[in-house]
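Shared chain: subunit A. Partners: subunit B in the first complex, subunit C in the second.
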Partner chain A sequence: MADLQINLAGIKSPNPFWLASAPPTNSGYQVQRAFEAGWGGAVWKTLGDPIINTTARFAAASFNGKKVAGFNNIELITDRPLEVNLKEIYETKKRFPNHAIIASLMVEPKQEKWHEIVKRVEDIGVDGLELNFGCPHGMAERGMGAASGQVPELVEKQTYWVKEVAKTPVIVKLTPNITDITVTAEAAVCGGADAVSMINTINSLMGVDLDSWNTVPHVAGKGAHGGYCGPAVKPIALNMVGECARNPLIDIPISGIGGISNWKDAAEFILMGATGVQVCTAAMHHGFSIVEDMIDGLNNYLDEKGIASVMDLVGKSVPKYSNWGDLDLNYKVVARINNDVCINCNKCHISCEDTSHQCIDMLKDATGKSYLKVREEDCVGCNLCSIVCPVDGAIDMVEIKQTLPSMTWNERQSRIASFMT
Partner chain B sequence: MSTITGGRISSNLVENFEEIHKGLTRSEAIEEANRCLYCYDAPCITACPTSIQIPKFIKKIATDNLKGSAKTILEANPVGASCARVCPTEELCEGACVLNHDTKPISIGHLQRYATDWAMKQKEPLFKAGDSNGKSVAIIGSGPAGLSAARELSLLGYQVTIFESAEEAGGLDRYGIVSFRLPREVVQWEVDQVEQLGVEIKTNTTVGVDISTEEIINQFERVILAVGMGQVPNLGIEGEGLKGVYDAIEFVKKTKVDAPTDELIGKKVAVIGAGNTAIDAATTAIRLGASNVKIVYRRTKNEMSAYQFEYDFAKQDGVEFRWLTAPSKIVSNEQNEVAGLECVKMTLDEPGLDGRQKPVPLENSETVLDVNVVIKAIGQSKHTKLIEAFGLNHTKGVVDVDSETFQTSQENIFACGDCIFGNGQGEAMVVSAAQQGKEVAKAIHRTFMLQSEIA
Partner chain C sequence: MSEYETFMEEKNKIDSYFDKGYQVISIFENLSGTFVDFVTGEEAIEREVVQIQLLTAEARKYIATKLLFVS
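Up next is the complex of A and B:
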C-alpha cells in the first residue's frame, strides 16, 4: 500500500484527489458525502457576493455516441449567502478534520474586499484559499474571474492583497483563456502565491440547435459563451501544467485541473508536475464513488512501480517536456504493420495516401490475399497510421537506429552560425 | 456464458472439450467496459446472489486497474472465476441490466471472466489470511459452498480443514460441470487460492468412512456440512442394470477426469430428464461422437428446469427433444446391452401439490426409441446417511437449517450449498452456494463473537 498523502504548499490531504470548486462542492451536504466516498479534499464552490443564476446552465458534447466527452456551463459562483457557506464549511471541517477544505474566493479587484473575505473565511477554519481568477462567464463581465485573470498585473496585485492578510496557503487558479499561461502564473508567483491551480474552463459554445437555431444551452432563446471542461480539455490542461512546471520562475506547487476522469489521468498530471489534482466533470457524470477506483488504481500503479509515496511521482516527466528546438532531428521511427494482426480495413493506407506521405502500399500475396506494407524508406514516422488503426498491435512504430549522432534544431542552427563567423 | 454457441462439433474429441468461449480480447473488454453506464444503486448488483459490485469492477477494467477489478469480484465471490463461466447471467446480473430496455445488456459474465483470467495469471495472491484467532472449523465438501466458506473463515483468522472424498478438490465445479464450459484449471486455481490462505484440504477422505463424524465433532469447534448431492437415483424401470445405461453425473465426471472415450462414437443416445444436468449429458454425448441424442422428458418445454440458454445450446448442438414422453422400460439385446428405450406418451393433468401439472400416461401409447445408450438425469440423491450420522434433522434428505444463520439442529453444525437445496427451497446455482458459504462463515464468526461477549 503506497502512501497517497500529499502536501501541497502546506495543505495536507489523505490523497491527491480533490473536488474542484464547482457545483459538486456547493454545500456541506455534498462535500461531506464526497469525503465519505473517499475524496481527499474539496475546493468549496466560489464564495463572494451571492449571484443569481439562469436556467438552463449546462450542456455537453457527445462524441460518436459517448456521452460527456466535453462539458460546458454558464453557472456562476455561489448563490448562497456567505454566512450559510461558512457555517457549513465549519461543520464539514469539524467532521472531517484530516480532509483538506479550501475556500475558493472571488470579489471585486479591491484591496479591502479581499482583506474582508479572507479574514472571514480564515476565521472559521479552512486549510487554504484558492483565488478564482478563471471563471470565464458572467463574473468576467463584472470585472472579476477571468477578467482579472487575463491581466498579469491584476493577478499579481490581488494575490499580493490576499497575502497581506492570509494565514493559510494561497492557491491562485488560472484561466486558460490567455495566450501564455506562464505569464499569469509568474504574476501569481510575484504576488506571493503559495501555489497555482490550472486550468479553469475554456470559453466555449457547445452547439446550435439545427431546428430552432438556438444556442445550446439557451436561456429564453438567447445564449452566452460558457466554460468548457471534461475529458476533451485534458490535453490543453496537461500542456499548461507542464509549461508551468518546467518554468524555473514558477517555483511553486501546481494543483492540476482539466478533464481528469480516472487514476491514469491523475497520474499523468502528477508526472507532469501537479502535486495533486482537482476533479469536477467526472464526478458530475458518475457521482462521487468514482474516487474509489482513482485511489485503488493509483495505489496499485505505485505498488507495481515500487514507488512508496505519490509525492515521489510528482514531476517525474517534467524533464522530458521541452521545446521543439531541443528535439533530436536524427531520431527516426517508422511504421511497421503486423499482417497477422491487421484486419485489412485499409484506414492506414488511405490516411497516409491522402493526408500524409504516401508510403503504405496495398498489395496481394501469391495466393491473392490482400496485405498492407510500409515502404520504410519513405515513411516519415508521423504516427498517423498507428493512430487511425482500430486494432491494438497491428501497427508498431519502431525505432530505426541512426548512424548520425543526436542533433537538435538549436544545435544545428548554432553550428551553422559558427561556420558563418 | 450466455453467448456461447454450440453446434461446432469436431471429429477430434479432445477439441470438443476445450473451453468454447475463448474470452474477450483487450479491445473487446475495454469497449464493453466503457459501454457500462456505471449506474447508481445498480440492479445488476441486487440481482447477483453474491452482490458483486459490478459497475465498480467494470469501471476498473475500463481504467486498466485489473488488480482492483479482480479483487472487487473475488472479495464478493471466492469462486468468481467459475461463476464468470457458469452463472445463468441472463437470469441474474445481465437480465437486470438497465440496457435491456435500451440497447443490449452489458456482457457482465465475459467481463468478469476477463478480470479473473488476469488474476489467474498473477503470481501474487490477492488475499491474505487474517491473524489466527485459534479457532478451528471443519468443512465437509470442497465444492463452491465449502471453498467459499473456507476462504471467508480464513480471512477472519480461523484454521480451516476441508474433508473431500474425491481425489481432487472443487466438488461440482471440478467434476460436475462440463469442461467446455468450465475447464479444470479454473477450478484448480480457485482451490489454490483457498489453500494458499492456509486451509488444509484432505482429499480422498470420506467422512463416515475414513474419519468418523464423532471425531470431526470432537476435533473442531464448528462444522460446516457442504456435501452437495450424490448420484442420480434409479428410474425404477426394467433394464437399469444393462450395459449402456449411465448416471449423468458419473458420465460428465468421466470426461472431466479422463481423456474422451470413443465408446459413444456413432451411438444413438437417450437422455432422461430435462434439467441442466440432462443438457450437459446430452451435449457431452454429442461431443463424444454420438450420432443422435434425444432428450426424453415426461412434461413439456414449459416445465423443463433447464435454463433457456442451456436449451438453445443443446439445440445448436443438434440435440432432439421428445416432450411428454416417459421411459417405461429399457430394452435389452442378448448381450445385456441397451437395444432400445420403450416410452409412453404422456398428457398433462391438473396441477399437483407442487403446483406443476401432473403428467399422466396415455393408454396404449408405447413406442420404442431406437437407442443404444441411456443416460439418467432425473435429479440427484441426497447424502441422507451422512446427514443422519451427524444427527441432523432433515426433510427428505434436505438438511433443515435456520434460514438466516444456516445453523442445523445441532448447535455447532452448519450446512450450506446443495445439501440444503430442495423441497422448494433455495437455488441450486454455483453462485448461490458461494453466497451461502460466505453467510455461514459470517454466522459462525458471530457465534464466537457472542461467546466472547458473554465471557
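Up next is the complex of A and C:
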C-alpha cells in the first residue's frame, strides 16, 4: 500500500482527493458524509455575504449517450449566514481532525472586508483558506470572483491583504477565463500566496431550446452565462496546471481542478504538477462513494510503479511539457493498419482522404477481398485515423527509426539565421 | 506527384549540390517557400551560384538538418 497522504503548502490530508468548493460542500452534513466515504479534504462552499439564488441552476451536455460530459451552473456562493457555516465547520473539524477543511472565501476587493472574514473563519479552526477569484457568473457582475481574478493587480493586492492577517496557508483559486493563466498565477505568488488552485469554471451557455428559443437553463424565460466544468474541461485545466507547473516564477504548490472523474484523471494532474486534486462534477453525478475507486486505483497504480508515496509522483511529467518550438521536427510516426483486426469500415480512409493527407488506400487482394493500407511515405503521423477508428488495436501509430539527428524549430531558425540575407 | 515524390526530388537536388562541393551561401524564406543559394568555386571569377526553391515542409526541414549536423 502506497502512502497517499499529501502536504500541500502545509495543509495535510490523508489522500489527495478533496471535494471542490461547490454544492457538494455546502453544509456540515454533506462534508461529514464525504469524509466518511473517504474524501481526504473539502473546500467549503464559498463563504461571503449570503446571496440569493435562482431556481433552475444547472444544465449538462450529453454526448453520444454519455450523460454529463460537461456541466454548467449559475449557482452563486453560499446562501447561508457565516455563523451557520462556521458552526458546521467547527463541528466537522472536531469529528474529523485529520481531514483537511479549507474555507473558500469571496468578498468585495476591500482590505477591511478580507481582514474581517479571514479572522472570523480562522478563529473557528480551518486548515487553510482558498480565495475564490474564479467564479465567472453572478458574483463577477458585482466585482468579485472572476472579475477580480482577471486583473493581475487585484489578484496580487487581495492576496496580500489576506496574507497580512492569515495564519493558515492561503490558496488562490484562479479563473480560466483569461488569455494566460500564468500571469494571474504569478500575481498570486507576488501577493504571497502559499499555493494556487485551478481551474474555476469556464464562461458558458449550455444551449438554446429550439422550440421555445429559451436558453438552457432559463429562469422565467431569461438566461445568463454560467460556469462550465466536468469531463469536457479536463484538457483545458490540465494544460493550465502544466503551464503553471513549468513556470519557474510560479514556485508554489498547485491544487488541480477541472473534470477529474477517476483515479487516472487525478494521476495525470499530479504528474503534471498538482500536489492534490479537487473534484466536483463527478461527485455530483455519481455521489461521494466514487472516491473509493479513486483511492484504490491510485494505490494500485503507485504499487505497480513501485512508488512509495503519492508525493513522489508530483510533477514527474512537467519536464516533458515544453514549447512547440522545442519539439523534434525529425521525429516521425506513421499509421499502420492491422488488417487482422480491421473491420473495413473505411472511417480511417474517409477521414484521411477528406480531411488529412490522402495516404490510406482502399485495395483488393488476390481473392478480391477489400483491405486498407497506409502509404507510409506520405503519412504525416497526424493520428487522425487512429482517433476515428472504432476498433481497438486496428491502427497503431508506429515510430519510424530516425535517420536524421533531432532538430527543433528553434534550432532550425537559429541555424538558418546566419544564411539569411 | 505525391508530396513524398516532390520531397524526394528536392532532397536529391540538395544532396547532389552538396556532393558536388557546393556550399550554401544564402537562404531566403517567404510565402512561396524556402530559396537556397548554393555556390561553388573559390575564385570570384569561377563562382557559380545556383538557387533552388524548396516547396515541401520535409525539404525545408532537411536543408536545415544538413546545415546543422552535416556540412
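Operating definition for what follows: the second predicted complex is superposed on the first by the 417 of 421 C-alpha atoms of A that agree within 3 Å, B and C clash if a C-alpha of one lies under 4 Å from a C-alpha of the other, contacts with A are read in each partner's own complex, and residues count from 1 in each chain.
Assume contacts are C-beta pairs under 8 Å (C-beta built on N, C-alpha and C of every residue); 3 or more make two chains touch, one makes a residue touch a chain.
As the structure is a prediction and not an experimental result, all values here were calculated from the model.
Trainee: In the superposed arrangement, which partner chain does A:D378 touch: subunit B (first), subunit C (second), both, or neither?
Mentor: Only subunit C; A:D378 stays clear of subunit B.
Trainee: Tell me which partner A:G297 touches in the superposition: subunit B (first), subunit C (second), both or neither.
Mentor: The answer is first: A:G297 touches subunit B but not subunit C.
Trainee: Scan A:L329 for contacts with subunit B and subunit C and give back first, second, both or neither.
Mentor: Only subunit C is touched by A:L329; subunit B is not.
Trainee: If you stack the two complexes on chain A, which partner ends up touching A:K110: first (subunit B), second (subunit C), both, or neither?
Mentor: After superposing on A, A:K110 lies clear of both subunit B and subunit C.
Trainee: Is A:R95 in contact with subunit B, with subunit C, with both, or with neither (first, second, both, neither)?
Mentor: neither
Trainee: Would you please give the residues of subunit A that touch subunit B in one complex and also touch subunit C in the other complex?
Mentor: none
Trainee: Give the list of subunit C residues in touch with subunit A in this complex.
Mentor: Residues in contact with subunit A: 2-4, 24-29, 61-65, 67-69.
Trainee: Using the touch definition from the top, list the residues of subunit B that touch subunit A in their complex.
Mentor: 25-27, 34, 38, 40, 56, 59-60, 62-65, 67-68
Trainee: Spell out the residues on subunit A that touch subunit B in their complex, using ranges where they run on.
Mentor: Residue positions touching the partner: 66, 262-264, 286-287, 289-290, 292-293, 296-297, 300-301, 391-392.
Trainee: Once bound in the complex, which stretches of subunit A touch subunit C?
Mentor: 329-330, 357, 375, 377-378, 404-405, 407, 411-412, 415-416, 419-421
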